[in-house]
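Look at the two complexes coming up: chain A is in both, with chain B in one and chain C in the other.
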Partner chain A sequence: MAQATDISRAYADQFARLRATLPGAKDPKLSALREGALARFAKAGVPTPRLEDWKYTRLGALLDGAFEPSSPVVNGIGEDAIDALSPALAGGPRLVFVNGLLRADLCCLDGLPAGMRVESLGAAPADLAEALADRDADALWSLNGALARDGAIVTVAKDAGEGDPLHIVHLARPGAGGEASHTRHMIRIEPGAAATVVESFFGPDGAAYWSNAACLIRVGRDARLRHFRRQQEGAAGLHRTAVRVELDAGAAYESFGLFLGGAIGRDEISVRFAGEGASCTLDGIYLGRGTQHLDCTTRVFHAVPRCTSHETYRGVLDDKAHGVFQGLIRVEKQAQKTDAHMLSKTLLLSDRAAVDAKPELEILADDVQCSHGATTGDLDPASLFFLRSRGLPEARARAMLVEAFITQMVEGIGPDAVRADFTAAASAWSAGGLGGGMTGGRA
Partner chain B sequence: MAAMVATIETVRELSEYKHGFVTEIDEERAPKGLNEDIVRFISAKKEEPEWLLEWRLKAFRHWRDRLLPAAEPTWARVSFPPIDFQDSYYFSAPKRKELNSLDEVDPELLATYAKLGIPLKEQEVLAGVKNIAIDAVFDSVSVATTFKKKLQEMGIIFGSFSDAVKEHPELVRKYLGSVVPYTDNFYAALNSAVFSDGSFAYIPPGVRCPMELSTYFRINASNTGQFERTLLIADKGAYVSYLEGCTAPQRDENQLHAAVVELVALDDAEVKYSTVQNWYPGDAEGKGGIYNFVTKRGACKGVNSKISWTQVETGSAITWKYPSCILQGDNSVGEFYSVAITNNHQQADTGTKMVHIGRNTRSTIISKGISAGKSQNTYRGLVRIGPKAEGARNYTQCDSLLMGDTCEAHTTPYIEVKNRSAQVEHEATTSKISEDQLFYLRQRGLDAEDAVSMIVNGFCKQVLQELPMEFAVEAQKLVAISLEGSVG
Partner chain C sequence: MLEIKNLHVTVGGKEILHGINLSLDEGQVHAVMGPNGSGKSTLAYVLAGRDGYEVTRGEIVFDGKDLNAMTPEERAHAGVFLAFQYPVEIPGVSGLNFLKSALNEVRKGRGESELDAVEFLKLMRERVSELKMDEALLKRPVNVGFSGGEKKRNEILQMSLLEPRLAVLDETDSGLDIDALRIVAEGVNSLRSPKRAMLVITHYQRLLSYIVPDKVHILAGGKIIAEGGKELALELEEKGYAMFGVTDEAA
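Moving on to the complex of A and B:
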């Protein structure tokens, strides 16, 4: 294992090499912002399981050395290839990032909902300072801030109605391996508006690469955002998404994640209530097999009164897969009348699969209703017996129950196209077979 | 409102720490500070064999060289000024200690126990009626042991740890540190180096201990850290129920208490360990109070063995305590029932660890936390299912009740499952007493105080009913005294 200081130095060299080409390079304020982020990363280093927050997730190759910036030039990807990744969403408005850079030739902005404005990080100098914010950041967020070459800035104008989902596709095309892309998105929903955004992450099996995505979300007064994430990185991919959400009064934020790719994947979402009467729903399902490590970490900060948060996460783990669910609900002293609930359910399908769960409550107010629940186990023997007594062979009965467990989550997805897309991805996973399949996602 | 004011007054009187008195008694003390010589001094004073001194020294060196440089653990959600471990006395013992009967006990000491409500003499007289043997620990050395003979007839060994070292060195040597090794954690290492005394019990195969074994711990001499060491062994098919109750005199200076309790249950054995902890919590401003940093752990080494922890924690300025079960034997059972109440400036970080190793091991965790005043109450628990724990089962329920908006309740469970046939369920809730419940009771004529008391008792019932009769009464009183002041 390389010394943490060597890794930090390597990233600092990278930054020195790239800085002139990064968006906002000519603005001294932005340069200072990026330098600050790099310094914060250098101080903290790549997180290790010694940190309470990373107790259950070891970032493997990221601790062995610095990942080089991924190649900006990638040929031979057509629109058809992108369509094929999510047929149900094809034809709708979409942005495509290959190796962390926006590919205008693959984007489709025809059906962009009225009131939705989309820009790339480099084309929106006025918004850069906001998008690159680095307050209360962890080391990987800071590194992303220092090195982000591109990203999407999505703004939905006041009172704009909800149109078709905007699909943001992230595609990795690693070369020799050991390459990283750091994308930084910002989504702002202005008061009274509504929108749906789907983020997808794909990559090929084979070489190891790192996708380090960060997304900053602000949902204005009485506005609504539905945010979906599909993580289907390649079998050797390392994936880390950090989503930071701030909700104004009366705002609603719904998140749903489907995590089934990568060698190591961590999806981190933190929601901060900044105005009264807002609500959020955080749902997710992680499907792991082979030696995959999938980590879902959520944090909900109730800082003001009368907000509601609901979380449901489910996991299905086969082979030697390792799942992690960490959920924190913190209710500040002034956040009276908070209603916060969290539930985590995990199915272990193999003798060598494992799960670690840490659902935490930190409550400083008294007039609240907060709860969390967590269950782990194999399929219910009674249900299994019921199906087998109807003549189904055990393997078939097990597959049906697993599929039902997954479907219960996926069928709740609102927008038809997204539900179809996620259902197809989950079914494809199930079709990979239980107790033997070894691959994650493919592109 | 007048009624409310009157209630608050009453409660204030009630919540004054009634066990806050100091007994004047001659004592023998080791010099202040901690070094190898002090460890040797303690060992020599207690006329210990060479192997035990060696063990203490190993523990001390481990603590000094490995643990002290990294300082005390900070992961618990408690805060306190750094402890100067050199600014404490590590040994103090009442001078007279060779006793043949209770008559020889220092009358002042007996009076102290009387004030605490343990009529020692009376118990001997009433032996046939109320079978409680008390191995009373006054500060560090056991001075009176009752019923020893009666237990001896059954082959049960029950007495002070020091006596056990002299009379049954083979048992002590075999089991000391087998559940909590001296390398286990900061305070366990410290305890292993300087432990003064404690209780020892051995229940031979097939014997069901006919009475509840019981110990009353008191911290007496000012500035004396208390380092109890308790070791209970239930041999094959044995059963024992052990009660531990704590009160301490009122002091301004914080006092460190770092005890270690080790339980061993062999095949088919059962150990039930109940604690009521009511040490001085500090005054209403958070001044003074005991630091209670305890390592309690039981090993279900045998098949079908069972260890059950029940605790009612109302005292101490800071509590740092995780009574745990290592479920090694197949079909072994671990239980943890806890009520933790914090008021004023108290801080409690408490919970349990259930480590499932054997097949078909089962564990139940019921934790009730109640926070009032400006206190902090944290449940921290671990349920770990090992890869070989086929058919393991855990059920965890932790509920927190908040009284007022200046206190905090936290829940930090860790669930680690490495076996698919294991079934693990965890539930936690946090809320305040509902207005509806209060209204319902009040419109039936109960005043606010009684209504709250009734609801809180109901909240704790699942745990309190696990306590042996002798403790249930004291516990209910404690719950009432600790909490009623915070209503309104």
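Moving on to the complex of A and C:
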């Protein structure tokens, strides 16, 4: 493990090299914002398991040295290749980021829903200060803020109806390895509007790379966002997504994550209720095999009365895979009539697979409905026996029950195209295909 | 066809069956009756090969083979079928997908060709209508949201599709109203054949007025304590298990 100070210095050097090219570089206020973020990162360093919040996840190669900024890729990726990654979503509106940079030639904005506006980070100077916000950030969010070269700013106008899902594709094409991309997105749904956004993360097997994505979301009064994430990084990929959501009164936010790629993955989602009567559902499923490490961390802050949060996470872990589910629900004293439930279920298919589940309820209000539950185990022996007694060989019976466990989550996805996309990805996993996504290195 | 000899079975370290002898020939239907807790389901499970049901002594010979050495799926391929007393719900697995997989695995196991989707649907529809089941049920996950009677009918549907050589029906009558009972019994009777044997496990005589057995075995305390013709069931109905000096808390 390298010295934390060496790593911080290396990232500071990167920042010094890049700063003139970063969006907002000419604006002294934004420069100060970026410098502040860099300083906060330098102070905290890459998180280690010594931090309570990172107790179960060790960030491997990120602790060994700094990852270089990934280089722009010009050649060798066509629209067809992007279509092939998500056939069910092909043809719909999409933004494509390759190595963290928007690729206009691969984007498709034809079917963009009425009222939805999308811009790249560099083309939206007025929104940069908001997008690069660094309040209550952790070290990786701060590093992302210092180094973010691109991202999407999505704004859905007041009362706009829900159209087709916007697909934001992140594709890694690392060179020799040890490269990182830090994308920063911001999604704002204005009052009364509705939208669906799908984020996908793909990368080749082979070289190690780091995808450090951050997404800031604000859902306005009585507005609704359905947000899907499909994490299918390459086998040696390191993945970290942080989603921070703020909900105004009456707003609804629904998140569904499918996490099946990468060597180490950590998906973090934090929801803060800023107005009464809002709701969120956070659902996710993590599928690991080999030596994969998949961490899902959620935090829900009930700061105002009468909000609802429901979380259901499921994991399937085979071989020596390691899963983590951390779920914090905090209900402030004034947040009466809160309804908050959290459930985590993990299937361990091998003796060497393991999961750490840490539900945490901090409840300061007295008139609330809150619960959490976590179960871990093997397939139900009675179901397995039943299927075998009907002639299904053990391996097939097991596979059928594993798929059923996954299907029960995925079949609840609302938008047809997204359900089809996630179902296909989950089935490919069940059938034995590894996370991967794309094979082959940089063209 | 089925020869159970001096069968001792232990479950969870406790001996439940203490030396069962029972032989069943092709074409025959035998009833096994007994009070709750007498070991009827244990006998059914051990025939189907459930884990944890350990044969400590004796043997089960089925068509000349040692059944106890076979996995549950091998038994299914060889023609053993158990209709469960408590059918299992399997959320996330569609009924149709399950039935098709089971049928084709059993056909493969018997050296027959697999059915394609069209052939399967045709066969399935035929059997579903014979059992007066609602086809829409099969689009749902297996047994999820089914009433007790629907679950039992679903067991019989599986039996009629898989066409077993030996069918073991574990209290298929329990929880059925009289109409459902009649339909289930008709389904069972239509499957009676000179090539097939059935072991009908029941607590009450009621079912046996519809499915008339060739022979009745009374099981109590893990032993067969009496055997006879179909009249034995009637006598039992009249006098209760007390006629054998056995108490039955559910009677």
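By definition in this document, the second predicted complex is superposed on the first by the 431 of 443 C-alpha atoms of A that agree within 3 Å, B and C clash if a C-alpha of one lies under 4 Å from a C-alpha of the other, contacts with A are read in each partner's own complex, and residues count from 1 in each chain.
The rule we apply is simple: a contact is a pair of C-beta atoms (placed from the backbone, for glycine too) under 8 Å apart; a residue touches a chain by one contact, two chains touch by 3 or more.
Computed from a prediction, not measured in an experiment: that's the story for all the values here.
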| item | value |
| --- | --- |
| Joint occupancy of chain A by chain B and chain C, clash or fit | fit |
| Which of chain B and chain C A:Val355 touches, first, second, both or neither | first |
| First (chain B), second (chain C), both or neither touched by A:Arg390 | second |
| Touching partner for A:Leu364 - first (chain B), second (chain C), both, neither | first |
| First, second, both or neither for A:Thr375, with chain B first and chain C second | first |
| Angle at chain A between chain B and chain C, C-alpha centres, nearest 10 degrees | 70 |
| Contacts of A:Lys333 with chain B and chain C, given as first, second, both or neither | first |
| First (chain B), second (chain C), both or neither touched by A:Ala123 | neither |
| Broader residue contact with chain A after superposition on the shared chain, chain B or chain C | B |
| Contacts of A:Phe405 with chain B and chain C, given as first, second, both or neither | second |
| Where chain B and chain C come nearest after superposition, their Cα distance in Å | 13 |
| For the chain C and chain A complex, residues of the former touching the latter | 48-51, 71-73, 75-77, 81-82, 84, 87-88, 90-93, 98, 101-103, 105-106, 109, 141, 158, 162 |
| Residues of chain B that touch chain A when the two form their complex | 75, 385, 387, 400, 402-432 |
| Chain A residues touching chain C - in the complex, by the definition given at the top | 381-383, 385-394, 396-397, 400-401, 403-408, 411 |
| Chain A - residues contacting chain B, complex | 52, 333, 336, 346, 348-378 |
